[in-house]
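Letters are used for the chains, namely A, B, C and D, taken in the order the chains are written, and counting of residues starts over at 1 for each.
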């Protein structure tokens, strides 16, 4: 069970804007991709396990800090790790680096579990206990001092 | 019941690409917006009448022809009209013009009605007869010779 | 010169995800639209004044907090105001409300001015003094205690 | 020099719509990705060779035909091949298949070469002769009868 899962993407032309660089909301989309890969590498398939099981993992908060621009055809490595896990929420951290290893952006997403039908928050341990038991085994890498 | 419904959009920064112009798939997205407005202006609300009613109107074919580029903050007028209507399908035509009235793009979408749960094609008159009756009253503007 | 500019959007089908609600990065895109409208209502046209003038206003940080979901065809009012302004940076705040006035999301973007060709940070007062003089007259609404 | 280049993509959550399937304009975006990969596998880098060289390859026409839906986390194989090549234009064909090899969609894009600064059509052999010479060596796979 890897603590950090790295997704490698090639920047798409359509992800860039008239400034010639990646349009900033695209990084927030990349966080979704990296988060789903983190789960998959740890044995949880978002579509089969959450979506089809009636649970939506909504985003309650997102932040992203941009340090270096990327452009079309550049390689981006997006690493994701889980920093908090509870019956009602998840917190992930992400780092985007370029091919040379320079930090291009970093960010965080906070999540709640909601009933897919009503969009109401649920306690996952009660709502889908089997899924919760699997989730509870995910590796957590808490933030250290400098990362807060 | 208007035969042609025009939706006016202001080009978004995020709809443009590194060439500084609207990224071409954005026009296909605009067709969706224009189509939903056409329906709404004719009394049919896509979300309430189709989606919540268990019918998905999928796109089976799309084409778009580009004549003049648009860039961020430009105004685009997207006109939509229905050119064919049947129990199993719909065909729409679109024209995009700029503020001066120049034709920037035109295109067509063809659609099938599918059961939202199974994604299988349905005969709307059987599957949702009330909705079909309302749809059957939509104004149709068949293509003339030069438009084929 | 309005301190707060409200942009009214109709949620697009393509802005929503399989959970049936607006995909969260779309709000970050809406912030861009609202910010450009804030500037325009205050006499500054992003494309003509910044982009064509060789200045790119990059985003250095973004945050968004989600409170209530929106879905396709819903109306969203996105208000934008400028909370900090300097020769090297800008800070904007946004609030998204639905048709009933409920707060759906709020967020912040922080920006730097960069040379469009080199992407290097510039002091706008030196790099484009005429533009800076106009910008310096924008109405600022600093955050109050509860908003930090 | 491969005649057909296949790009394998994992469907992104953000590429799907409230019907739970890939939003149809996303396929048009995939065609761009597949086209750039076709060029790259044949030794031409779009950003370095075209964009930075002052040539934009605009899309003049696009069509896409949808046969089978895909959803998030599905694998899509997008094959691209060049079917026409001239001093003023290019035509590409694409096929999208799922993991089992079923045809999900197919389409075509037609392109013109334009001067990046003026957006005016150019004869590539005159405008950028070195690039044209390299392009002229690309493998062409003309359409056969049944594909027209």
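Everything below uses one rule, namely that a residue touches a chain if its C-beta (ideal position, glycine included) is under 8 Å from a C-beta of that chain, and two chains touch if they have at least 3 such contacts.
All of these numbers come straight from a predicted model, not from anything done at the bench.
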Touching both subunit B and subunit D (chains): A, C
Pair exhibiting more inter-chain C-beta contacts, B-C or A-C: A-C
Distance from subunit D to subunit C - Cα centre to Cα centre, in angstrom: 34
Distance between the centres, which are taken as Cα means, of subunit C and subunit B, whole angstrom: 29
Centre-to-centre distance between subunit C and subunit A (centres being mean Cα positions), rounded to whole Å: 24
Touching two or more other chains - residue numbers and ranges from subunit C: 13-14, 18, 25, 29, 32, 51, 71-72
Category of the chain touch graph - line, ring, star, complete, other: complete
Residues on subunit A engaged by subunit C in the complex (per definition of touch): 18-19, 21, 24-26, 28-29, 32, 51, 56, 58-66, 69, 116, 119
Touching residues on subunit A, where the partner in the complex is subunit B: 13-14, 16-18, 20, 23, 25, 71-72
Complex interface listing, subunit D residues touching subunit A: 12-14, 29, 32-33, 36, 40, 45-47, 51, 71-73
